[in-house]
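Reviewing the structure listed below.
All chains are identified by letter, namely A, B, C and D, in their written order; residue positions are counted from 1 within each chain.
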Amino acid sequence: MDFNVLSLLIWLPVAGAAIVIGLPRRRPELVVPVAFALSILTLGLAGFVVVDFDLSNPGFQFVEKTAIWSDLGIDYNLGVDGISLFLVALTSFLFPIAIVASVNITDRRKEFMATLLLLEGALIGVFLSLDLILFFVFFEVLLVPMYFLIGLWGGERRLEAALKFFLYTALGSAFLLVGIIFLSAQANDQFGSPTFNYLELLNLDISTTTQYWLFAAFGIAFAIKVPLFPFHTWLPDAHTEAPTAGSVILAGVLLKMGTYGFLRFNLNLFPHAAVELAGFLAALAVVGIIYGAVVAIVQPDIKRLVAYSSVSHLGFVILGIFALTSQGVSGGVIQMVNHGLTTGALFLLVGMIYERRHTREISAYGGIQKVMPLFAGFFLFTVFASAGLPGLNGFVGEFLILLGSYARHPILAIIAAVGVLLAAVYLLWAYERVFTGELDSDENRALTDIGVREIGILVPIVALIIFLGVYPKPVLDRIEPAVERVLDRIEDRTGFDSPLRISDVTTDGVEVTP
Amino acid sequence: MVELVLFIVFGAIALAGALSMVLHPNPVHGALGLMATMLSIAVFYVVNSGHFIAAVQVVVYAGAVMTLFLFVIMLIGVDRHENLEESLPIQRPLAIAVGIAFLVLLGLIGGNAWITAPEAASPPNGTVENIADLLFTDWLLPFEVTTLLLIIASVGAVALAQYDPRPKE
Amino acid sequence: MVDYIWIIIALPLTGAVFLHFFGTRMGEPAAGAVASATIGLSFLYALAAAADFFTGSGEAEAVHLFDWIPALGANAQLLWDPLSAVMTLTVTGVGTLIHVYSIGYMHGDPRYGRFFTNLNFFAASMLILVLADNFGLLFVGWELVGLSSYMLISFWFTRPSAAAAGKKAFIVNRVGDVGFLVGLMLILANFNTLTYGAVLENPARFVTAGTATAITLLLLLGAVGKSAQIPLFFWLPDAMEGPTPVSALIHAATMVTAGVYMVARTASLFELSSFSAGTVATIGAFTALFAATIALTQRDIKRVLAYSTISQLGYMFLAVGSGAYIAGIFHLVTHAFFKALLFLGSGSVIHALNDEQDMAKMGGLRKVMPVTHATMVVGWLAIIGIPPLAGFWSKDEILAIAFGEGGWFTFLWVIGLITALLTAVYMTRWMYLTFWGESRWEDGVEPHESPPIMTVPLIGLAVGGAFFGLLNTPFRGPLRPAFEHFLEPSFEGVIAMAHIPSGATPWNLATISVVAAALGALFAYRRYRGARAYEIPPFASKRTGVWRWVGAGYYVDDIIGNLLVLPGKLVAAWTAFVFDNEVIDGSVRAVGGGVRRIGGWLRPLQTGFVRSYAAVTFAGVVGLLVWFVARGVG
Amino acid sequence: MDVTAGWYLALGAALFVIGASGMLLRRNALVMFMSIELMLNAVNLNFVVIGRHTGDLNGQVAVFFVMVVAAAEVVVGLAIMIAVFRRRASASVDDLATLKG
């Protein structure tokens, strides 16, 4: 590797934010093209990483390491593996889309775009950090741009929502920081010097009781972020009040930090606790799946409905991760990406119609498929992707998760399968109420269908949704080695025997030994 | 013996000046009292071989700073007796109690653990040269930083002085 | 030939994609022609690929296309064996005729192009379903046909009833799919793969009878949803909101038979569990009878056929449940012919009467629609089981096998026989009210015969409905059971395969059922020959007593609506607005409020007076000193 | 009778307490300010005295810095006071209680 591509991935958008801020105030028309070009450049870098990624190496690649504060063992340490790879790709994919979706923002546009770029850098940083302090810094720093996105450009109750979001997640982070520092202190006891290096902390020998405590400290932070039932109530508020781009990023990427954290830290650093508590967390996840879906059914506000659907979908991810089977965990990872795409697309679509009609009330609509056939088509497509229709991306993840988790949590998996049904219920019912029936109000009759820019936003997502649904192999090939490594580690550390691994499965019809 | 006399005389002046500042209802009198205290402290500096800082004390403190005080008192027109009645409910008893407690505690500490280091054979010689030696070697960085502080302070003072809260006509 | 079997799916899929982008611009009839051509070519390709099976030299072959989810043993891999060949030929063959028919039927619809997009897409999905070589891909097809069904039922989306019906169909299907999905979980857990080859070949190696029962019952739940059997049948009558060709293709000929196909495909699992098989047969028989009674009372021309479809699917379930897999598939194929025929014929009638679906306003159409009438007579005779038409051979084979199984199945045979009688009654009634008797058209309606583009497919289906049955007669010689020989390789490993009892029994049974059918027809003839509009209700001039129950479909929709959907919504509303908002978010807000209250208590401490702060600070210093002194002294 | 460091320290303490009492008892901002100066002087005296006792010149350097900082502080503080007085026409800190909770 000749250049530090990962650093560039983080700092290019951050520098981009400064560039955008520095654009001359007399040339407001430059803001969006420059921001867009920078985010596309970042996407290009991410694409390079995905292509150049070595499939045969299950560990971290493109590693960069520089000491920041060697006395305390804080490093600037970056690396990417199969688990974080596609989250980085997803992040860099969603930001150009979010930028183009926000061209109609006229109020402090420059600051808006700069905030978005800053957020992008911080998010990528979270997924790439291999140093816990670095991770924590990025994890916290991105609260600030997100707070402003909601608080400055949000809806009517934006300040309340932004504050709730900020305080709730900051509360979780407090536990996380304590956990991180405690880990470093443990390292000081065991290795003679403190370190925050993830790879070195993996070698710690932590007693089971301590693991429980640390698992809880990390787990609360991530559970709030996911959000796992019952920590989810900040999500609908934040989603509802956030501007479209904010909702897209929040649902598409921000929530993944929680699930990613569970997978990266809780499973790896505290394997004993993870194995013991897997059932509990999977149960919470399943409660979330059903609960989110049930609550979504009756929401009168489309954005809230989609927000609760996120609670339900992320329950699947957590269920997959704590299934502790190859299929479940890799399903969880790919489902993170899938959820980012489909829910992101749903929020974009809701944003488009909100721009036209300035209401999110489902009851205000009806029959608009007649005047917006293209929009309806995209919406229906996304609805089915979200409901896990086979052939589209959502199914691959849910299928892997459900079948993978049955091996370890049979009852929970069966209950979770009901979530698939409920997803169809709330999404199709909402679709029915918004799009079909008689066009009975003048405002609705005056709606215009989506234009070229909006189609341009949606088409890349749609293409990816189909591609991932039909041919997920390139993605699964990169995810699976990393997941296998996680599970190998857990089995190795705890003597736990994962009930279903990739090697167990045969794909041809030849003899299978029982 | 000389030192004892100086201590008693100027100590008395210092205390008197300090008390007059606190107790006299007119701020102008208070400022003058404080000036007396500062001058007597300058005398103690000299006695304790701090020649340079004694000079600074007289020039900067007793001279410039106190003049500035007087100037401001005159400027904003508070150069008259003020009402010394206390308006805050428990402020006065609390202040006195705390003050006394503080003195008592200092006394206790003095009784138990005054200065434990043995008295040096020769007192340091606070001449300009010696102080300058220290300032430009060990304390160079803080010294430079104080320059920065002074610049900021003067800029800030100017900015504050120019600020006019009344709406422009 | 077989290596490129994916072409069968690719053709209609390409058609769908092409029409999606260009269909609207092409307009009619070009869009319809493209759609019909793609599926027609698929049919021809399938015919050519199946040539080896006709000669008896073909071998089942799996064609690997690409890796899909290898971690679950589910790849894009197709299976070409006699069973999938039969299904493919049925889907594409009947499908082609229905596509052609639609060119005429959808004439003038503003979304003409979109209709054929969806129809082609459905064909592709159904072909994925029948050609899949693993349960994963089967599930893909399974859900995609549900999607197409949804889009086609609510094709006329401005009608709220159509939109609601589409949603209902999809969701009820999904209920079954949950069972299917859990079944797949069990399969993966026990077989470590989803590939047919590994699962279906002698599954007793891996699972006990108990596990097999669990798996098959779960799969059955999926099948019941898709094939509209008790208890998940109630979506199908509503599905008639879709355009009539859709009802013919999806809700009569192909998609709803997927459940039967799946049970036949997993025969080796079902034979491990006599309980599951018995359940299948029992559900089938009871559904057959139950739906037939409702069909007696309907006034809507298509709803009669919808309940009839449910009833006939019940026969197929009875067949596969009795172990008569080939008979079940055989009935599936003959039913595809004559039920598609009947639907398309009713479409022709609806078309002729300017979208009138109420049979009370029909009658006497025989004279003005001779071709439609003639083909409908064939369909009528076929479905009520008059020899030598197709329905006779397939239905009587099922009944004979059920009788031959003995025990509980004898009882099911009785039910089947009663159903046969009822079928004759309601279908004869249907013919009388529509084609025969006096005309009761509304004023100004002038019925006319449909154009050839619609009648030619009718004739084609009528020919199939008339003669296809001859492919599987119990006779030797020129009328030997060719169909059975054709399919047998697919059921080689199935030991419990049932056959028609030997000797004179089948002949006696056949006589009994023909007599039953004749009696039913005779009864309907006496009752309806002079039917007038006010007499439409089934057996009395007013709907009273039990007939009111039957006429309302036993109020199943109301029961579901009031016992399931409404409480469900209430629970959801309670959860969302009371529990979530007040308990969960309430406790979050309570934490915030608590902090705020504590802040309120502490607030007076901030007096705003600098001197108070200074005093407290100084007191703090004193406090620290006290501590120092205490430590120093102590 | 020798004047030992203790005497001076006692004097410093007395001056400090007087200054502190002035802080707490007077509400004229200027007098409070002067009290602060008095406290600083008291501490400075201690610096010098202890410096002499231990023979260390650094005490006097510290005094030098305190003076500089105090000078800067006086400049800014008095400027603030003038600014406040312009708005309020009062030098009483008790009138400045808008931050009351």
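Everything that follows uses one rule, which is that contacts are C-beta pairs under 8 Å (C-beta built on N, C-alpha and C of every residue); 3 or more make two chains touch, one makes a residue touch a chain.
Please read all numbers here as calculations on a predicted model, not as lab measurements.
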| item | value |
| --- | --- |
| Chain of greatest Cα-centre distance to chain D | C |
| Chain centre separation (chain C, chain D; CA means) in Å | 91 |
| Separation of chain A from chain B, taking each centre as the mean of its C-alpha atoms, in whole Å | 61 |
| Distance from chain C to chain B - Cα centre to Cα centre, in angstrom | 96 |
| Euclidean distance of C-alpha centroids - chain A vs chain C, Å | 36 |
| Per-residue overlap in chain B, given as positions that touch at least 2 other chains | 88, 91, 94-95, 98, 102, 106 |
| Set of chain D residues in contact with two or more other chains | 20, 24, 27, 94 |
| Sites on chain C at which at least two other chains make contact | 607, 609, 611, 615, 618 |
| Pairs of chains satisfying the touch condition | A-C, B-C, B-D, C-D |
| Chain C contact footprint on chain B (complex, rising order) | 88, 91, 94-95, 98, 101-102, 105-106, 108-109, 112-113 |
| Partner chain A, residues of chain C touching it in the complex | 62, 66-75, 136, 139-140, 142-144, 147, 150-151, 154, 157-160, 162-164, 167, 170-171, 174-175, 177-178, 181-182, 184-186, 188-189, 191-193, 195-198, 201, 205-206, 568-569, 571-573, 575-577, 580, 584-585, 588, 592 |
| Sites on chain A touched by chain C in the complex | 164, 167-168, 230, 232-234, 291, 294-295, 297-299, 326-327, 330, 367, 369-370, 380, 384, 389-391, 395-396, 399-400, 402-403, 406-407, 410, 413-414, 417-418, 420-421, 424-425, 428-429, 431-432, 435-439, 470-473, 476, 480, 500, 502, 504-510, 512, 514 |
| Contacting residues of chain C [partner chain D, same complex] | 602-611, 614-615, 618 |
| List of chain D residues in touch with chain C within their complex | 20, 23-24, 27, 32, 93-94, 96-101 |
